[in-house]
Amino acid sequence: MIEKILLASLTLFAISVAIALFRIIKGPSMPDRAVALDMIGVNLISMIAIISIVLKTKAFLEAILILGILAFISTIAISKYIERGTIIEHKSDD
Amino acid sequence: MKINDVILRTISRFVVFIILTFGVYLFLSGHNTPGGGFIGGLVLASAIVLLYLSTDIETVKKSLPLDFKYVAATGVLLATSTGFGSIIFGVPFMSQTFAYFDLPIFGETELTTVTIFEAGVALTVVGVLVTIILSISEDGG
Amino acid sequence: MNNLIVLPLIIPIMVGVVLVFLRPYVKLQRVISLITMIGIAGISIFILNRVQTHGIIRLDFGGWEPPFGILFVADSFAMLLVLTASIVTAICLIHAFSSIGEKHEKMYFYPFVLFLVAGVNGSFLTGDLFNLFVCFEVMLLASYVLITSGGTKPQLRESIKYVVINVLASWFFLVALAFLYGTVGTLNMAHISERVAEVGQGPLLTTISILFLLVFSLKAGLLLFFWLPGSYSVPPTAVAALFGALLTKVGIYALFRTFTLIFYHEPLISQTLIGIMAGITLIAGCMGAIAFKDIRLIVSYNVLIAIGFIMIGLAIGTETSIAGSIYYVVHDMIAKAMLFLLAGTMIYLTGKSKIDEMSGLIRNYPLFGWMFFLVTCSLAGIPPLSGFVGKILVGQGAIESGSYVLLALAFISSIVVLYSLLRIFLNTIFGETIISLEDEKPMKLGMIIPIVLFGIATVSLGLGAEFISVYVTDAAHTLSNPSVYIDAVMGGNK
Amino acid sequence: MFSINLVILIPFIVAALIPFSYRRFKKVHLGWIVLIVPVVLFVLLARLIPSLASGKTYVHTYEWIPSLDFNFTTYLDGLSMIFALLITGVGSLVILYSIFYLSSKESLQHFYCYLLLFMGAMLGVVFSDNLMVLYVFWELTSVSSFLLIAFWNHRKASRQGAQKAMLITVSGGIAMLVGFIMLHTMTGSFSIREIIASVSEFSDHDLFIPAMILILLGAFTKSAQFPFHIWLPDAMEAPTPVSAYLHSATMVKAGIYLVARFTPVFGADEVWFWVVSMVGMITLFWGSFNAVKQTDLKALLAFSTISQLGLIMSLLGLGSIALQFGYSADSVLYTQATFAALFHLINHSTFKGALFMVVGILDHELGTRDVRRLGGLMTLMPFTFTIALIGSLSMAGLPPFNGFLSKEMFFAATVHIMEVDIFSLPSLGLIFPVVAWIASIFTFVYCMIIIFKAFLGKPQQEKLDKPIHEAPIGMLISPMILVALVVGIFFFPNLLGQYILQPAMSSIYPTFGDAADLTPKISAWHGIKPELLMTIAVIIVGAILFKFLKLWKPIYGLFSSRFTFNVLYFNFLASSVSKSNLVTNRYMNGLLRHYLLYIFIFFIVTVGGYLLYFKAFSFDISTNASFRVYEVCLVAIMAVAALSMLFAKSRITATLLNGVLGYSIAIFFVIFRAPDLALTQLVVESVTTVLFLLAFSHLPDWKKEKLSKGTKLINGIISVAVGLVVVIVGLSVVDFNLYDPISSYFEDAYELAGGANIVNAILGDFRGFDTMLEVVVLFIAGLGVYSMIKLRVKKEDENIEDQ
Amino acid sequence: METLIIMLIGILVAVATYLILSRNIIRIILGTAVFSHAVHLLILTMGDLKKGNVPLLKEADAPYADALPQALILTAIVISFAVTAFILVLAYRTYQDVGTDDLDELRGARDE
Amino acid sequence: MSISQMIEFVAVVVIFLGSVMSVISAFGIIRLPDVYTRSHAATKSSTVAVLLSLSGAFIYFWVSEDFISVRLILGILFVFLTAPVSGHLLTRAAYRSKVKLTENSSDDALKEVLFPEDK
């Protein structure tokens, strides 16, 4: 039972990843895509958590945190790129 | 156009701290759980990258006055010299040893030469990643 | 004691890293890197002799017995190549001192060369297929950097092609490795050989062997040489010489190793296919060598001819022909490096690169001119220079096994080599001088000395072929009897 | 007792010393120093003549590469003695002559260095018993001849002549080498003596005929036999002493030597007989025929040399028939052809050497060799004329000169051969005397041209740059010695026959018992025989033809100048260059896409082709692990993400899609129980994305690719095929389950390496070496990126290397 | 599962091949990146999938998944990262100096 | 069914809820008209989805294996901390790169502040 529900939610998450992918492909604007990628990252976090339960292992909990961190970093990078064209500045603007 | 990054800077200061801690944790725990030199190094490096992202090169240089090429070189040297150490001891190259010690605070702890090796790996990864990213972003603008 | 055989790899790496710290001290970097290479040559000679007395030496890293750990295996073939590579590098370094320019030297030129050597030596020595991949990558990345070092337009243009094709080759290597691991479940080359022999090299394993053939041919420039002429003609002279001498040889080594040690059961592939490929390479190389007027291109296509020739030795596959190929590899490393140095120096002296734009250099630089003549003869296999012993043995093997087409191709190719190089020689070295004494650029001592050293090497390798014949014979014996290698690796601890 | 090896080495040693010491001899002409070498060698060798005549031979071995059976073995017998005497004897005379011919302003150190190099190499060729060593010296003669021809390398003609000579002779040498290797394969020996001793064991071997043909190729190219003769006229660009020495007296005779040396090996074969004698005959005719039309005296002599070499060659061919019959009283008759060959070899060296030197004198003193500008020199240059006259008449085969004797013997041999009733000679044998006779007529004609056009008639001072005057005495000494020999041999031929030719005959016919039987008595008069009649007819017809030369000379115009072998040679070279350029530029067109296509096609054809042809594929889904719906979803997501990368309109989209791929792979790593991988993949993917973004700020956005439909289709087909091949092989590999992987060993990681994370234990310990190198790879990449960005060429720094 | 993954690998390889055959340098680089993904998956698939537990001795019990391919992939990932970084920089340096990112325009001077 | 099993079940249900949440937000991403609204859907709802699923996992591990995972807590915290920031950055980037608002937005107050020249 538990496993079935878990698999169902995994499938649901997979579907939302698929939908987000659709948004990445379709666009239309760059921020749209970035938003969708961010969302994929977040959904993957949930998936890893669920798979950990299914596999009954704690080995992947680090991956969750890492994915959180990295989704954040890439989002920042992408948004800066969209906004300014460069992602790391030489000097502070202030 | 001036860009105000107050939110980003505030939050990233905090987040960088988390990531750094986590990176060190990953590095240390690698021998028994997922992690190790590579991943630790990568995570540490991404913390530094986040610093760059949220502020700028000058600021980071002030607070972190390191030449990352030398960091990487030190790492490689460390990694290779653990191997080289075995030559001195007359055992096959890259022989690693490990032993368990009862340390006062940490309890029973495993100490192994692999850790030194992994430290070298981590340093290299950090050094190289930051070097690459810095070189590109310093270039031209 | 066995730890000795890791030194040709680890010393250049460590010294290279140390040199990174010594960045501002160019003179010190020069001295250290040269001493390192000479030291490695010395070590190689020692190991080579030890292999003769003690048999194949192996080193299990970390003490993990094969097939579980990684190991280095030093047999005569590998050590001969390591030795030659070290000597060639040392001499090329001397040339680099005066030709490469301080700007490059400060940009870690010497560390990169040392890393390149480390990768090359590692590839020769390793007994583990995945480790071979990693060593390849060490070598390749260093070569990527070296080929772009300088950052001129043609360098960038050609290096993109070079890098993309090599990256593709690397990934194909991984695909092949994955398939091999999927079938035989091991990475140690001797162990793979055992398992392949045990199950018999069926169609599937042969398919995988073709994949390896593809990968190593890309590296060796056997048939799939498209990256080679362009990328060898752009880097600075000393680098081009190193490339011409070392890079393709690693691929050739890998082909020899895999197709004599592991996949030797299917002559359709290991002989027919390689033979066809070698033949086409020879023809293409010959056509390229006479097609162009740019010295660097002529020289680069000459590399192809040598590759074809060496691979014919493998395609024939008798012990004699393999011995011939080994002689020829050693000869080619020396002579090709010399040829590249000469071509580069010629361009440096005249400022031109087309053969019809220069003339009469022998009047300005007599020693230089004669060295060019020497290398022409040497590469054309004119005795008693180094090329001819290998040529004869390959021919002998071809006749013994009745491969007359390959025989004809191989021997005709040396006429084409002669023609292509004579064309350079007669146009540029001989003829009316065009450089007046005032305009004459002085020949730097650092440029002519390495060339002369190579010249001495090619003469003495020809006259003194007896000195290396014992090693070559042993190497060929090991290659044609896989069990020798396998016993040395799998047969208990040493 | 000195060893013959030393004889070979002395010239090399002296040659090697010259570049270092020539500055000391500023006051003396370098030639005087060098002259010592051949003179000493000649004397040393000459002292051995008596012992050789008594049937002794000398063998000496130094080990060179014993493991390959390449040993420096010298073998002095009658045959090699003839050549060695020619080399050192003519060598001495030529050097003496050159002292006066070449002024000290020329780079004499080079000249004499090459000449000594050549002399040593030539001695090496004739003395070597080991085939490989013989080959070494053989190629060295080509090389030194190249250098000598190109001595005046600022002349384009010299360079081209040198290149042609080198290419042709080296090619022949390589063919010969293959022949030698085949001999070794058949006999297991590189020693000529051993091979000769074991002839009967391998004469029916499959390689016997190929080896023979290849070795003959070597001999023919070296001896300028038809159709390889084209290099010799061009080689006349060399200084005249060189032409006299290499290109008439010695080097070109190396081919003769080789044929003579191998007669005991191959001579009994019909192929050998026909090839050698017919090639010789054709060369004889073609050379003499072409000589007539030459206006340059040196070119005339070159063609005459070709013709004479053909004569000697054909004689050797005719003589080989004796081996067919074995040793008997009848067969001895046929050996006389060989005897005549050796005899004429010596005679030719004497008169041709003298003639070359005469031409050199004319060239040197008058500044031209063109017969059209010469004439009437007889009175003004009496000594030169005398030499020329004797040389020419001897060449034409008139008494009382040595040429008459050997020419007669030649005619006799051609007549004898008609009587043989094997090899369909009764019907074809007539060719030999007829061709010989016609060729002799032409020979007579061009000899007359030398005498009449250059020396008789009216002096044409106005056509010459320098006043006509007799040559200095120094230049005349050498040719005078030679013509003295020409006359001397005519009167005392049997001295030569007994002491020099007889030992040589026994080396060519080792199985023929007593060598004395093989040595006919040479006499100028032996009754009215066919040969004498032929000679008389030659003189009469030749005189008539010479008289009416102007009338029939237009015949030469009939031969189109577009189809000479020379033109063929040049066209072949030029077209191979241009064709190669065309072809190579076509496929090596600098387009990365094409290179990659070739590689992919190779992959598909070989891997895929083999797989399908040998039906190596097999797969079975039942052994697969199960799969879940969400996994299928993920697979679909990845597939879609990957495919839509192809259609992405902007690079960011593509990069993001690549990121999606990376992240999804990380999920698969999770599903497939690889935590470390998942972690690494996640971080690396993100960092890669950041890198892409960083690089994008320096790169333009991509434009829509302008690819034609066809290109896209090809790309598509190739891509699908590559994917398919990987899939099929992959499935078959999964199905191949014979071995367990070695990794179960690593499951003891905790005990073995103290790590509970197996992957990490492998990375840090079991395969720590990989990790170490991988760190190095990373380091190189980092450092490389840094240096690539920092190291730039300023615009003005770009030099030629960057074009 | 293996079949499914290998199909996926096939698709990835095909896509990568198509990208590599492009004229634009970024597409080529992306192609190599996709290729490397495919290769990593392939190596993993070659050790059997889903057989056994996470290869952490303290976390799970035997049998364990094949750890060797995992270690190999880890190495391969890092190497492919290094290569990608390098080639990216090479691409943009080329663009800076030569002024094009189109491989067709990078043919180079021809020698006739 | 024991208590722990009950709690496990609850945890799983929470996870399931999270997944439903996620799908809903995914629909938002498709259906909503412009990037700003879509970003709203993505960040807000998926944060909830992650929260739910991670908490579910946390509870599950706590109950079934008696294991309190610091990493999970950290993960939850982290997502909470960063998701708004990334959402903020993205929309700001969108706005500054002049991605158009949907047709039916009534007011754009920032426009005059940031892009006075566009007026």
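Note that the chains take the letters A, B, C, D, E and F in the order they are written out, and that residue 1 is the start of every chain.
Keep in mind that, in the parts below, a contact is a pair of C-beta atoms (placed from the backbone, for glycine too) under 8 Å apart; a residue touches a chain by one contact, two chains touch by 3 or more.
What you are looking at is a predicted structure, and each value in this text was computed from that prediction instead of being measured.
**Q** Give me the set of chains touching chain C intersected with the set touching chain F.
**A** B
**Q** How short can a path of touching chains from chain E to chain F be, counted in steps?
**A** Steps on the shortest route: 2.
**Q** Whose Cα centre is nearest the centre of all Cα atoms in view?
**A** Of all chains shown, the one whose C-alpha centroid lies nearest the global centroid is C.
**Q** Centre-to-centre on C-alpha atoms, which chain is most distant from chain B?
**A** Using the mean of the C-alpha atoms as each chain's centre, the farthest one from chain B is D.
**Q** Please tell me whether A-D or C-D has the greater number of C-beta pairs in contact.
**A** C-D
**Q** Please indicate which chain is farthest from chain C, where distance is taken between mean Cα coordinates of the chains.
**A** Using the mean of the C-alpha atoms as each chain's centre, the farthest one from chain C is F.
**Q** What is the distance, in whole Å, between the centres of chain B and chain F, each centre taken as the mean of its C-alpha atoms?
**A** Here chain B and chain F have centroids separated by 31 Å.
**Q** In whole angstrom, what separates the CA-based centres of chain A and chain B?
**A** That gives a centre separation of 25 Å.
**Q** How many Å are there between the centre of chain D and the centre of chain F, using C-alpha atoms for each centre?
**A** Once rounded, the distance between the two centres reads 80 Å.
**Q** Starting from the mean Cα coordinates of chain A and chain F, work out the distance between those two points in Å.
**A** Distance between chain centres: 10 Å.
**Q** Using the touch definition from the top, which residues of chain A touch two or more other chains?
**A** Residues 10, 13, 15, 30, 34, 52, 55, 57-60, 62-63, 65-66, 69-73, 76-78, 80, 83, 86-88 of chain A touch two or more partner chains.
**Q** Where in chain C do residues touch two or more other chains at once?
**A** Residues 13, 17, 20, 61-62, 130, 134, 137, 141, 144-145, 148, 151-154, 160-161, 164, 168, 175, 179, 181-182, 187, 230, 291-292 of chain C touch two or more partner chains.
**Q** Hey, what residues on chain F touch two or more of the other chains?
**A** Where chain F meets two or more other chains at a single residue, that happens at 74, 78, 82, 85, 89.
**Q** Mind listing each pair of touching chains for me?
**A** Those chain pairs satisfying the definition are A-B, A-D, A-E, A-F, B-C, B-D, B-E, B-F, C-D, C-E, D-E.
**Q** Given the complex with chain B, which residues does chain D contribute to the contact?
**A** 675-676, 678-680, 683-684, 686-687, 690-691, 694-695, 698, 753-757, 759-761, 763-765, 768-769, 771-772, 775-776, 778-779, 781-783, 785-786, 789-790
**Q** Residues of chain E touching chain A in their complex?
**A** 53-54, 56, 59-60
**Q** Can you tell me which positions in chain A touch chain E when the two form their complex?
**A** Residues of chain A touching chain E: 55, 57-59.
**Q** For chain D, which residues count as touching chain C in their complex?
**A** 63-68, 70, 132, 135-136, 139-140, 142-143, 150, 153-154, 156, 159-160, 162-163, 166-167, 170-171, 174-175, 177-178, 181-182, 184-185, 207, 573, 576-577, 579-581, 583-585, 588, 590, 592, 594-596, 598-599, 602-603, 606-607, 610-611, 614-618, 726, 729-730, 732-734, 736, 738-743, 745-746, 765-770, 773-774, 776-777, 779-781, 783-784, 787-788, 790-793, 798-803
**Q** Give every residue of chain E touching chain D within the complex, in rising order.
**A** Answer in residue numbers: 1-15, 17-28, 30, 33-34, 37-38, 40-42, 44-59, 62, 64-68, 70-71, 73-75, 77-79, 81-86, 88-93, 95-97, 101, 103-104, 106-112.
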